[in-house]
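A short write-up of the structure that comes next.
Lettered A, B, C and D in written order, each chain numbered from 1.
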Amino acid sequence: MMPDMTQHGKAEVEEWKPVSNTPVILFDRVSKTYGRINALGGVSLGISGGVTGILGMNGAGKSTLFKLMMGKVKPSSGAIRLFGTDPWKNSAPYSRVGFVPEHEKLYDWMTAFDFITTFARLHGMTREEASKEATRVLSFVSLDDVMHKKIGQFSKGMRQRVKIAHALVNDPELIILDEPLQGCDPLARTTIMNVIKQLGAMGRTVLVSSHILHEIERITEQIVILHRGRVLALGNSHAIREMLDQHPHKIVIDCENPRELSKDFVDLDEVTGISFSNPNKLLIETKHLGEIHKKLPEIIVQSNQLVTGIDNPDDDLQSILMYLTGGSL
Amino acid sequence: MERELIIQSTALTKAYGPHVALDSLDIKIERGATGLLGPNGAGKSTFLKTILGLIQLTSGEGEVLGYDIKTQGEKIRQKIGYMPEYDALNPGMEAIHQVRYSGELIGMNPSIALQRAHQALEYVGLGEQRYRKVSTFSTGMKQATKLACALIHDPSLIIADEPSNGLDATAREFMLNTLETTVNMGQRSVLMASHLMDDVERVCDNIVLLHKGKLAAQGKIEDLKAIDREIEIHVWGSANKMEETLTDRGMKVRREGRVMRVGHTGDETYNQILQAAADVGTQVRRMHDHEASLEDLFLVIMERLGHEIKGSEDLLRGV
Amino acid sequence: MSTKMDTIWSKLDRKSTAIAEFTMRQYRTRISTWVVLGAATVAIFLMLLFYIEAMNTEIEAIDNDGDGLINEDDIDWDNLQDGVNYVGEDDDGDCENLDTTSQRDGNNNKNECDVLIIVDTLNGTTYIYPDANVDEDPDEDKYGKEAGHRAFILGIGKFGIVYLLGIFLPLFLATGLIREEMSDGTIHYMLAKPIARGEVLLYRMLGYIGLTWPYILGLCGLMCLITGFTGPGDGIFRWSDIGVWMTIAWAAMLVSLVYGTIFCAFGIIWKNGVILAILFAAWELGMAFVAILSGGDSPIRYFSVIGWGMIIVDSGVAICWPDNWQLIQSGLWGGGQGTENFLGEPEYVPLPGAEPLDVFSGSPNLGTSSWLSLIISTLVLVFQGIMSWFVGQSIFKGKEVD
Amino acid sequence: MTEDEPFEPVPEKSESFGAETPVTGKSKMQAAWSADDGESESSAQVASMSQGQIFEQIYRPWEGTLNPRWMRNWAILRHHLLGIFKKGHRPWNIPTRLFIFFVVIASMTDVAMALLFGMIGDTTLYDFWGVNRDNLYAHVMGFFPRNILYYPIVAALLVGGMISEDRSHGTSAMYFSRPINRFDYAAMKFLSVGLILFFIINGTLAIYYFVDILVMGKGWAWIIDTFPMFLATFVCGIILSFTYTSIGLSLSSVSRGRFFPAIGLIAILMGTKAMAAIIDSLFDKSLLYVISPYDAVAHVCQALIGTEMTYDHPWVWSLISVVVINGLALYLLANRVSSLEVTRE
């Protein structure tokens, strides 16, 4: 299961092969300190496949995590493996990685096509291959109609798409996107989200970070939560929520007669509490959300009441983050 | 509150050579909070520069806070607090002095400016950190410092360009609260440009929507929202089957992942959905009337204008 | 075409030319590049104007010996043969007409009516002992044009092109090669590719060379053509100058490469790397003065880049103008007219152009033949370039990029 | 895996949530554990974060009058000048401040020497260092070391980030979104750099002159004799500061970095001087010195102060050159400042 941590990938690009049977990304007790500031403290995680959202507040260590992955900074302790290879001072694994940095800066004087072909050639492509690939990725992010225009003329959303396209040119297995949605208008945002989802659907490992939690919610449910340099949780967001047993789940049901409806729930073992916050709302507390929800439609239908709303007010990333970080939100 | 207009313009036009950045805008902005929306490159920043009296108009007229934007730019800028979109702070200066200096630039006396700088930083939640250098600040603190710079002289109108850009949930919440407090408690007006529709919806009552230099919509958010009732459900397990079942039973379903929107045809729809769920055995984690958000509104308006923006070519700035 | 060649070329054509090409295009889009190159060109050509004017102005002839005739017995510095240190020809015959042999061979070298040149190997001083009335009234115009022409080439070549151009081009163009990308944040695109950082540095330098080397070559070529046609001489073109211009261009190319690599490394080390670069440039300025003014005698210049560049030019001069040192000495002697100073040594009145030429000339002084010193100094500069690349890339490799 | 896992590892496949999530890739989350072996000092991380502050947010209005334009300009000037000594104003970087300090000290060597030999009473050496026409000229216009190591480098350091940093930090928005017009902005920037140079050059000059009077007990006759020279030198100092400032600021306005203006200024000053010197030594022609800002100013100053002329061409040409150089630089500056963007570029 654990890869050989003593391996130091010094091999040439051509000879470099990913180590099989390891996660695409593996962090083993990685710490990073800047002077006295502890940016990451003992982070361990392994990620393979699908879209994963990296969440956390400003300064939680998201960007440090990405910098470590991209070999930009050296871990103070611990080991990092991309496809089983240490990325510090070794760029070989990046032949399988696409990275979209947070920085807005792009080479404004280049056309989108030139930008992508130039950087495609750094993956060892010939000119012909590079221009073929550039055309492919630019149409993937639907910029093919403007690919011979200067990037300086592009709007923010288009620039983000150029950045994403440039990261895809080597058909990477791992795509890292640092704040890809920042500063985009809703139109651009929807386009980019669709691109990301599509990449996940193609079986690539995609890491996305964002400050805006509901954006991540719209892209993926697979998340890593960082807080003060530590991994607080990782996995499917609903599964994570389910594990937070100390915070009972709440189900709110909007109906005409909550007291009447509540009678059907009192008998259930899973229900730990029932309250009426408002004349038209029934609040059920439980530790086993799934069990209740399995029975819920049946019960409501049989009760013959008009139910106009069902909600799990605390089963979202905001609440998860709040519970995990101890209510500092 | 009386319907007092703080910004109004008639046939406001600004052209850079052949490229028309603002195309005869007739804009009326009332006191209170207003959101300035539009896709990237719609002319928002040109509009902001115009009302700051910084650029020469090609034609048209405008008034901000009762001053003419062509001739009284300096007066306008004394009454406005502008919070730019990008970094606009000297990283080597302490927050307090940065804010104080921005007050002096308006024309405040140094001692008064210092006193006000303390107040302003306190107000934006940086009371503790005011003696720290800006370079050590997080994005949220920098944004707050920029806001303090804009607020120091108690302006009648605060123009905030992307105030919540790059902020995490806590900082964003605080920023929006601060803007709300400024509007509600301070009785100041805020003009806020943002891409995050949730933020605009929280703070603002009115919006102005620009598109390609033209006015696409303006008015109260509530009035503009189209009421097209749908029920949104989040399902858990067997989503495909659920979708099939609902469609088979004659309901209009739009689905994106585990989220579905079902056309609301009457109160019986709720039960029909739950019945279907019970039959299929899927869990309905959430079910509620879907209220069109500002984002939907934005997308709908853009779609209506969409005949023009099919290709990315049309989104290019300039050209 | 063998497949091996094919793979080597196409392998190179992928990464190296991609970055080099990119770097050159980046230069092309910056106004500052054109301002720097344009200003340098304008400056050089402005100086050329003064040269052309000087070449077209007659230098007034002086009756050095006061006999009422002018330029009647010119210096025959071009008679020099290797190993023979007596020259001079009594053009006007006033030595031949002297009565006694002892009068005709005043310097006692058993040759009548010649000029004896003795170089004191201990202190490098040259003594000139003419027989009476030999070469006593040189042609100022002929000498002054020749010396002025050579002094201009050496002055502009050594100080203008090798030093000033060689240091300001890299200061403006190479210091930011990596640093600007780092501060802009655009370096992230390059570093996220399967390419070693040392390679990035190397190929960026390749792009830098791709801009500066053709520029230097073009500038020197143009200067060579203009001065070759304008300069004095019997032929239509001064062919022997080509070699000197070639060594000037070669020295400038190597020097700008070494400086470029060093400055680029400074930029990587510190965000204010330019300050280090300016300090270094000041040191090199001092070394340039030492190397030029000492005429190649000061060993401290070995601890600089510019010192080796100057050796290249000096070797080129020694190869292409073997008569150069004699031209200087005879010009400084100037026909032997002058007064004695308080030590009893004669102080001659130099001919026009002799002093500047003396200042800007030097000898390689490596104790080997001129060709060998050319090769040695080239190798030293290449080695310096490789070392600074090596140091730069190892710093870059361990650099944490934010 | 350690004991104190905060949560269970997530099962390998999220099959339990049968819904087809938007993510259909092979969802595998392995090795999910928080690997704190209990030895690292976890306490280090706890304290720093500021929790959402609980305080009452009160909007405090301010009713006050705003000062007129000249007070705003004074604020800009003060901001730049005081930054040399005090915190809270423009943060000049440490190398710049140190170098200014060094230059002030170093350019007072003549004061020290004159004092020393005056006190000792060594008249030959005192005449060599004391106030006279040539020494006054040399205090301001001396080439080595003053106008190669001191003043141009100070000017380069001062001018480096003056406008370009406003462009790169975005602080130009702070000026232009307030009632400050571009002319005032550029003029105040100009004045701040010019004044700092002025204080260094002319301040030390005045110290040199007056210290000599006071300490040596010079009489009125001497003062009447030398005061016109002193005034002329003073004017020369102003011309020199002005010229360096205008060239430097115009370079600063065209660039975004801090270094292009600094290297550019040094390159212009030294490059033109070196060119002219080569031509002078080769062909004995001093005409090319008119393109060298230093030499043009020096020539004018020689005429003003009345020292021996070291150039062959008429000094009026140099005067014209000084005017043209300053005119060009100021034109470039005005042109660039008027097109400065309000937001960051």
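Before moving on, here are some points about what is shown:
We take it that a residue touches a chain if its C-beta (ideal position, glycine included) is under 8 Å from a C-beta of that chain, and two chains touch if they have at least 3 such contacts.
What you are looking at is a predicted structure, and each value in this text was computed from that prediction instead of being measured.
The minimum number of touch steps linking subunit B to subunit C comes to 2. Centrality annotation: D (chain centre taken as mean Cα position, compared with the mean over all protein Cα atoms). Across A-C and C-D, it is A-C that has more C-beta pairs touching. Using mean Cα coordinates as chain centres, the one most removed from subunit D is A. Here the spacing of subunit A and subunit C, counted between their Cα centres, is 61 Å. Subunit C and subunit D have Cα centroids lying 36 Å from one another. Per-chain CA centroids place subunit A at a distance of 25 Å from subunit B.
Centre-to-centre separation between subunit B and subunit D, using Cα means, comes to 40 Å. Residue positions of subunit B with contacts to 2 or more other chains are 170, 236, 282. The multi-chain contact residues of subunit A, meaning those touching 2 or more other chains, are 59, 238, 328-329. Of all residues in subunit D, those touching 2 or more other chains are 17, 21-22, 52, listed in ascending order.
Per the touch definition, subunit C reaches subunit D in the complex via residues 31-32, 39, 43, 46-47, 50-51, 53-54, 148, 151-152, 155-156, 159-160, 164, 168, 171-172, 175-176, 180, 272, 274-275, 278, 356, 359.
Across the complex, subunit C is touched by residues 95, 254-255, 257, 259-260, 262-264, 266-267, 271-272, 274-275, 278-279, 281-283, 285, 287-288, 291 of subunit D.
The residues of subunit B lying in touch with subunit D in their complex are 45, 49, 52, 54, 73-75, 77-78, 80, 82, 84-94, 96-97, 100-102, 104-110, 112, 116, 119, 123, 125, 127-129, 149, 153-154, 170, 174, 177-178, 181-182, 185-186, 188, 235-240, 256-258, 282. Interface residues of subunit B facing subunit A in the complex, by the touch rule stated above, are 38-41, 138-140, 162, 165-173, 195-198, 233, 236, 267, 270-271, 274-275, 277-278, 281-289, 295, 298-299, 302, 309, 311-313, 315-319. Subunit A contributes residues 13, 16, 67, 70-74, 89, 91-95, 97-99, 101, 103, 105-107, 109-110, 114, 118-119, 121-127, 166-167 to its touches with subunit C in the complex.
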